[in-house]
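What follows is a pair of complexes built around subunit A, which joins subunit B in one and subunit C in the other.
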Partner chain A sequence: MDTLLSGQLLFAALVSGSLYALVALGLNLVYGTLRLLNIAHGDLVMIGAYTAFWMISLFAIPPILSLFIAAALCALLGWAVYAGLFRRMLAKPELAKRVEANSLILFYGISVILQNLAALAFTSTSRGYQYLDTVITWQGISMTGNRLLSLGVAASVCFGALLFLRFHLFGWGLRAVIQRREAAQVVGVNLNRVQLLTICGGFAVAGVAGVLVSMTEQITPFMGFPFTIVAFVVIIIGGLGNIGAGVLAGFCLGLVETYGIALTSPGYRSILIYGLFVGVLLVRPEGIFTKAVRS
Partner chain B sequence: MILGLALAVFGVAVPFIGSPYMMGVVFQVAMWIALAQSWSMLSATTGYLSLGHAVFYGIGAYVCVLLTGTLPFELALLAAAGSAGLFAALVGMPVLRVRGPYFVILTYGLSELVRHVVMRIESALGSFGRMIFDVPSTEVLLWWMVGLAVLATLGAYAIRHSRFGAGLAAIREDEVAAETVGVPVTRLKLLAFIASAIIPGAVGGLALLRTSYFEPAQAFDPVISFTIVTMALVGGTETVRGPILGAVGFALLSELLWSSLPQLYMIVLGLTLIGFILFVPKGLSGLLGRIGRAA
Partner chain C sequence: MTTPMLSVSGLRAAYGPVQVLFDVDFDVEPGSVTTLIGANGAGKTTIMKSIAGLVAPAAGEISFEGRDITQAASHDRVDAGLCLIPEGRLVFPGMTVEQNLRLGAIAPAARAGHSEMLAEVFRRFPRLEERRGQQAGLMSGGEQQMLALGRGLMARPRLILMDEPTLGLAPVMVKQVFETIEELRATGFTILLAEQNAKVALELADRAYLLENGRVALSGSGAELLDSPDVRRAYLGM
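For the complex of A and B:
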């Protein structure tokens, strides 16, 4: 019981919760505005992680700077996907329909390509580096600097994004596109611009998450997929396209996971995550589905 | 029709004329045809894309490994097929209430959940992979697999050309409208789901007998689900020959590339998938049809 009430466990839950919220944020933004289920989202986390690794090992650039490099790199990828795919889709409505219906399979293709390109380029050897890994003890809670940094960055990006959506004019436009795409266009939201910037932003956030992950975990070409799954769990709990609830759900999942494992054993982690995933989808399919129909 | 017949005859005859390597290839091709055809019984007819067919394959393998030794292998295979069908019947009702992209990710999540539960059970039992002995000869297994491929193809054909198939097509076009005019939507979907699960169960059992080694992470490998979908989509979902073309094409590609350059194979797989979704919606089957008409 003592361990359950300790700040140590709460800290661990917050660190992973903030990371889940961050990864899910990007996925949710892209789904909300573009109606695409990006199953390659976790692979962007992988790209961010490799960026951080190579920057620190080749050029001694610390991860805190790599955050920006990874964000830029993933944003560029977002732009490439948008330019390569959506320019065509705008020209052909029939193609657009097909892509939306098959977006999951389509992005699976992209995911497979990214993973295996990474495996070809960097080999499947798992990699890692040390950064800010000295232990700081505060109020009886031991934490490493990198986890503290991860929590700080992830939480500030999440809440920054929420504030932006709440108070900035562009954020209003973005929310309008999520809620009613056609109506938003009628009142003068530049759909094209919103979609392009959202996909770049959503991808960039995933890159940032990757840099944060790389500070504490092993980096492999196939590390991304579990993050995709976690992000799906989070946004399904929070509601697809519902950005604020998604961030909250991310923290909740971190809490449930950390405490669930503390009560049982680490072997149950995957069962817990997938159980939640299946459970939520089964129990509230209508509730979750209504949002998608409205598009 | 002629293509299928020629393939089946070749499959049956190959032990007499071909090398062991050839038999291995034919076994693989027949396996993927059986799986892709079974998948099409649900997903091509109703449009409910299952991304979790590995679960039926895995259940079949698991049941088979538990029963061989106590039962003759024919009965073990029957039990494997039956258990997969039973599982589909049990989860079908709630799962099939979920539509669109949610159904896709739900089937995936369910498959992963079962995989992790089986992994947990096996490690709790202290077993890290099970070997089986006294497996039937390669020829016998090959004939069984070819038989399953033929059975699945005939089944898929029969469903498409029956009242049952017409009902399923109505569900694909407009489920609400179908229900309004009196199509027993829920029952038809459930039956299609069960039908598409049975043969993959037997296939899983056979594949297990061939490798004579069971490891839950491999038996429920999500790559199986993805490969089935890829083959069916690339082959074309509108005709019965589509899945055959897709399975043959990919199995040959995999023989060429997998052993030497697995990453390259996966990259080609990803590129093909994207290319076909974007540019060839009717798949290889549609392409052949167009060439046939032009000539």
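For the complex of A and C:
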């Protein structure tokens, strides 16, 4: 009981929850505005992680700066994918109808290519580095600096994105596209620009998440897939295309996972995550927060 | 001879292999109400969507105030001063009335004066002001139509395209929609109206076009079409 009520466990839950929320945020934005199911989303996390690793190993650039480099790199990738693959598909109504199903297959291909390119270039050896790993104790809670940084960055990016969607006119246009694409065009939202900037932003956020992950975990070319799965679980719990609910669901998944494991054992991790996922699909397939957090 | 505000010539459109518009020509004079009547499937909505830039025409030319806009993106057309009030209203259901109206002024040309315009829309439709905090999806069809029109006005258009504004509305609301259209004309707006409710639409129209199977079958003043035996038999049930 003591461990359950300790701040230590809460801190661990918040660290993983904020990361889940961040990874899912990018996926949700891209799905909401472009209706693209990005199976390669986790591989962008992997690219972000490698960026941080090589930057610190080769040029001694600390991860806190790599955050920006990884974001820019992934945004560039988003631009390439949009301009090269999807712009024309989305512009033609007859192709746009099938784009959701087609995107799943296309992104699966992109995922395989990215993973194998990474394996080819960096080998499949696990990599890692040390950064801010001294323990800080505050109010009886022991935290490493890198976890604290991870929580701070992930939570700020998530809430910054939500504030932007709420208060900036571009964010309004983005939400309009999510709610009713054709109506958004009717009022004069620049659909092309919203889609391009969303895919760049969504990819960039995944890159940022990758840098954060790399500070505490091993880096391999195949580390991305579990993040893709977690992100899908999170946005389905929150409600597809519902950005605020997705962030909340990310934190919830972190809490359920951490406290669930503390009550049972680490062997139950997958059962907890997928159990929650299946449970939500059975009881509220539209997502548990769709009404409550609707903005 | 004034130049028309909107000029459509040789317009063709198709959905996949199915052609729905065949060389449609018509003009809209500034300050007028121009009406397109015709049965379901005659091509009225496709014409409206082509003018708004939601459907890419297969051939033909659309020009607005003398400028060719056939290839322009939909948001550029809103910015240029034409605005569609779409069939089925298409309000943003999860947003409040006020947020819907704010989004109506998202076009760069409309941004600066949006608060004056909001006051103007509330003056025209006091009901929207009473309901400003309500979620749009929870309102009645008539209120949603009012909101869709208010949202369109927020873009400060000179030409308003209204696609089936009375569809599914109670008779008392239908009457109100037509009164609103008359008021808009009186305050200087130009209106292109697509309507199944042929009698009232023709009584109101300065100029009218009858569409049949994607072609203009008949054109003239509203009164001329009302007197035409073909129109009377097929559309007015007389």
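Here, the second predicted complex is superposed on the first by the 278 of 295 C-alpha atoms of A that agree within 3 Å, B and C clash if a C-alpha of one lies under 4 Å from a C-alpha of the other, contacts with A are read in each partner's own complex, and residues count from 1 in each chain.
The rule is simple: a contact is a pair of C-beta atoms (placed from the backbone, for glycine too) under 8 Å apart; a residue touches a chain by one contact, two chains touch by 3 or more.
Just so we're clear, the structure is a prediction, and the values are computed from it rather than from any experiment.
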Touched partner set for A:L169, first subunit B, second subunit C, both or neither: second
First (subunit B), second (subunit C), both or neither touched by A:V278: first
Which of subunit B and subunit C A:Q179 touches, first, second, both or neither: second
Subunit B versus subunit C as contact partner of A:L104, first or second or both or neither: first
Residues of subunit A touched, compared between subunit B and subunit C (which is higher): B
Partner chain(s) touched by A:G152 [first = subunit B, second = subunit C, both, neither]: neither
Touching partner for A:L95 - first (subunit B), second (subunit C), both, neither: first
Interfacial residue positions of subunit B with respect to subunit A in the complex: 49, 51, 94-95, 97-102, 104-106, 109-110, 112-113, 116-117, 120, 123, 226, 229-230, 233, 263-264, 266-267, 269-271, 273-274, 277-278, 281
For the subunit A and subunit C complex, residues of the former touching the latter: 93-94, 169, 172-173, 175-176, 179-180, 182-192, 294-295
Complex contact set, residues of subunit C against subunit A: 15-16, 52-55, 73-75, 78-79, 83-84, 86, 90-95, 99, 102-104, 106-107, 110-111, 151, 155
Sites on subunit A touched by subunit B in the complex: 37, 88, 95, 98-99, 102-106, 108-113, 115-117, 119-120, 229, 232, 236, 267-268, 270-271, 274-275, 277-278, 281-282, 285, 288-289, 292
